[in-house]
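Below you will find the structure I want to go over with you.
Order of writing sets the labels: A, B, C, D and E. Residues in every chain begin at 1.
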Amino acid sequence: MSLSVAVEARLGERAFALAFESDAAVTALFGASGCGKTSTLDMIAGLRRPDAGRIVVDGETLFDSAAGVNLQPEARRIGTVFQDARLFPHLSVRRNLLYGARVPAEMPALAAELGIAGLLDRWPRHLSGGETRRVAIGRALLSKPRLLLLDEPLAHLDRARADGILELIRGLAAAARVPILYVSHDLRELTALNARIIDMNI
Amino acid sequence: MSLSVAVEARLGERAFALAFESDAAVTALFGASGCGKTSTLDMIAGLRRPDAGRIVVDGETLFDSAAGVNLQPEARRIGTVFQDARLFPHLSVRRNLLYGARVPAEMPALAAELGIAGLLDRWPRHLSGGETRRVAIGRALLSKPRLLLLDEPLAHLDRARADGILELIRGLAAAARVPILYVSHDLRELTALNARIIDMNI
Amino acid sequence: APLNIYAASSLTEVVNDLADAWAKAGHERPVPVLGASSALARQVQAGAPANLFLSADEQWMDVLDRAGLLVAGTRADLLTNRLVLVVPAADRRKVVIGNNFAFAALVGRARWVTGDPASVPVGRYARAALSNLGVWAAAEPTLARAENVRSALAFVERGDAVAGIVYATDAKASAKVRVAGVFPAVSHPPIVYPVAVVKGGDSAEARAFLAFLRGPAARRLFVARGFGMAR
Amino acid sequence: MSEAETLIILLSLKVALVATLFSLPLALALAWALAKPAWPGRALLDSAVHLPLVLPPVVTGYLLLIAFGRDGVLGQALAALGVSVLFSWQGAAIAAALMSLPLLVRPIRQALEAVDPRLPAAARTLGASRRRAFMSITLPLAVPGVLAGAVLGFAKALGEFGATITFVSSIPGETQTLPLAIYAALQVPGQEGVAARLSLMAVALAVAALLLSEWLARRARRYRA
Amino acid sequence: MSEAETLIILLSLKVALVATLFSLPLALALAWALAKPAWPGRALLDSAVHLPLVLPPVVTGYLLLIAFGRDGVLGQALAALGVSVLFSWQGAAIAAALMSLPLLVRPIRQALEAVDPRLPAAARTLGASRRRAFMSITLPLAVPGVLAGAVLGFAKALGEFGATITFVSSIPGETQTLPLAIYAALQVPGQEGVAARLSLMAVALAVAALLLSEWLARRARRYRA
């Protein structure tokens, strides 16, 4: 996988610019709160339009202000685990997981792996913080994206759970099943993932 | 400060019961995702009614099913930093901070301490994950509660920020300015706070 | 199909009487379609399935006539009516209506009611009568203008208006009002209800019903409801 | 209940149901267009939708009569298809639908605007087209508002009087719905009892619709319980 | 614009504004009561609020006449205070307010129900009373819905015809609002031009109200931009 990002945007009063390339299995955006990590993920996912720049994933241009290219989010095949989860409140956990699933049959196994097999008939409203996050991870994975964006996926998880999911992510990356762009404050996580780190602190 | 909690409640299909007493400056609820930490805080804050039990803070009974006591949330004076922040979306950061402030004049200094002095005129919608959390902490502190509930307050914060806020919390606790009930997955945080740990893992 | 009789709302009871009588005579019962003359005339213009049109005033019949929507030779003035002054039933006053009669004194500072003179036929006749009798200027300031004559009647029935000018037929139909005086026929233009067969609704049955309307059986029903026969 | 009354009630129900079923998709489309960020002509469309509320009902009825009449554009188009809505229950349904349209559009638009746009955005990152995201996320979340609009519209369709009597006249058995029958009864002194009786029936129908919609809305909001 | 027309427009504006200003707080209270979790009698109140929509306007006008008339309960109570609303613009405003009430209540209720209850709950942990939490959190978040209701209600108040003319009749300068004047013009052959002219004025007023409410709603939603 190759990922090439060069974007400029206004974030509130601030002029923001970031450029990086990576062909690592796990690339990590690292930087202080408010430095623009989530905004960068939004631009890659197609949810926020950069003022200028170019985003290329695996040779396909997703965005290019010069060439007037701007693929729709659904055409980008970029799975996202949002910082605020964004589960669909009116769908059960099961239907959240299956929403974008390419191979629905894989759902039960993944749910078991994430420790949410017992929650399938719950409403998102009744999940704890950590349960919510695990469902969001499962939902994104089942859509079989060609690039997975993870925005602090281990927040709200206890140590055991966090380690379990870290293991899962490591497995995904190692088997090259799906390349990952990872946001975290925790260097320990990044080391465990053997991530190529993009330091956004100026 | 003394805190005495003994509650029973149904959490979904599960029967939940917890009893503990503590007179530590920082008491910590520690346990796996979904074990009932947030639900316990809600019961103490008066936002969720236990089926039975008793909650006493500093000698005042907030809830007692046997005696028919159930104080309104606003009468409990229990500040809460919610896991999902719950900033008021239609109020600027400044007005969020001042919403329950007893001594509004203290706001600027605290905002500076939390690193959000530059965000006062922003809408919550435009804050990053970490910024949101810092505002929520400030808002709860300014209401000068007699007990502060912190639900994973350091999630989404980078290391430097997290350490800063940990320092602030430690200061609050040390000066006995306000006793704290703290939820976290991170034993390191709990050690740093010298917390009395309630282990909720069964 | 049964005949559709498009008739002004103020003819509601008598048209139903007529329909029943016609049915009793062995015909299919005609369907009374009641509404404001203006609305009915516009509907006929738009192609309503009307066989006969019974209007409460001549001007809307004229409109259809000019538009060539009436069957030639079928238009006739059918009914007449009288204009009366009504008061709530409990009010025992009698009023002699004549030139410069004390209408304003009767009403005092309260309200009296009739149809809107700008748009409702009964109001037009009332304005003409009061003008001819020399009391319109004094009466106008206390006038409440109702949407139609039945609505005017309701104000008097409930005593919210101290007096009203309505048709004799309406006064007769209500037990809650009393006729305090009758306007001289010469004080206002004649009150006539024209009838005609509508083009497109012409049929032997329609013609037969028109003849029935002008015959003795119908006359008895009209008179029983307080109408006079034209000519 | 007399046979005539039963007929009137069934006719009223038919007219109001058909009116609501036809105006609902139109109202959804309008609400969707009006909920989109400002585009040229939006204010115009918004105003047009509100017209039946602002104009006296006779005017709306009269305009319908002109449009669908013998010489009207729509009338001639329908005539070419061999259809006539004039003076038929279908015409009554058209009048009721038009008069209730603004009452449907507002609550639906409001509900669509209240949906957090980050949710359909999340759906699109999962591969949903703009259309699927709308149908599977935005619209279901707006269901309580759609029901609120539908029940307002249905109540108005049940009660529509002025435009109906002006457009299709009051033909017993064909276009004489409950409000028209009530009006007719009020035209005869001493018939207030009949009017009251019919009014109670209209109220009963509306209450039934209301209870149904409340139940449906509660179901639609189960996930918030 | 003739002087008579100017008077009619000013009167219509006065009636519709007063009607909306008075029905708004009442609608808020009703919407609040209806948005609360089920309590006995809620369905009854909900039905009562919808009545003016379901009943033909003449019936509502007639019921107003009975209530506020000389012998009516409210009429006698007001008479004791030396006030009479019969045949006056105040009566027209009452009719308009009552007829528009259901249109106000629904969108407001819907907006109140759409507010995430965790936000006022958070306010209460900060020391706000139930009342303050409602006034400072729930209500402001519901403002777009309140505006949607207000504009629907104002439009209806501008267009109210049937109940008004039945309750207060048509008195030029006192109760003859735009719809009543339009209706009168339509009763006279050849006066369609006058009716059209007056209709355009009614539309202009409604459009102005609509644009104002859109602007206010946009302001109230700034925080979501």
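Points worth noting:
In the analysis below, contacts are C-beta pairs under 8 Å (C-beta built on N, C-alpha and C of every residue); 3 or more make two chains touch, one makes a residue touch a chain.
If you're wondering where the values come from, they're calculated on a predicted model, not measured in any experiment.
Fewest steps needed to get from chain B to chain C, stepping only to touching chains, is 2.
Chains D-E form the pair with the most C-beta pairs in contact.
Set against the C-alpha centre of chain B, every other chain centre is closer than that of C.
Averaged Cα coordinates give chain C a centre that lies 35 Å from the centre of chain E.
Remark: chain B and chain E have CA centroids separated by 45 Å (rounded to whole angstrom). Centroids of chain A and chain C (each the mean of its C-alpha atoms) stand 79 Å apart. Once the centre of each chain is set as its mean CA position, chain D and chain E turn out to be 20 Å apart. Counting only residues that touch two or more partner chains, chain B has 84. Shown for chain C are the residues that touch two or more other chains, of which there are none. Residue positions of chain D touching 2 or more other chains: 58, 62, 186.
All chain pairs that touch, listed by label, are A-B, A-D, B-E, C-D, C-E, D-E. Interface residues of chain A, counted against chain D in their complex, comprise 45-47, 72-74, 76-80, 82, 84, 86, 88-91, 99-100, 123-125, 139-140, 143. Within the complex, the chain D residues that touch chain E are 43, 46-47, 50-51, 53-59, 62, 102-103, 106-107, 109-111, 113-114, 144-145, 148, 151-152, 155-156, 158-159, 161-162, 178-180, 182-183, 186, 195, 199, 202-203, 205-207, 210-211, 214. Remark: chain C residues 36, 38, 41, 59-60, 62-63, 111, 113, 116, 118-120, 143-147, 151, 154-155, 158-160 touch chain E in the complex. The part of chain D that touches chain A in the complex is made up of residues 118-119, 121-130, 136-137, 140-141, 220, 222-225.
Across the complex, chain C is touched by residues 58, 61-62, 65-66, 68-72, 75, 86-87, 165-166, 169-173, 184, 186-190 of chain D.
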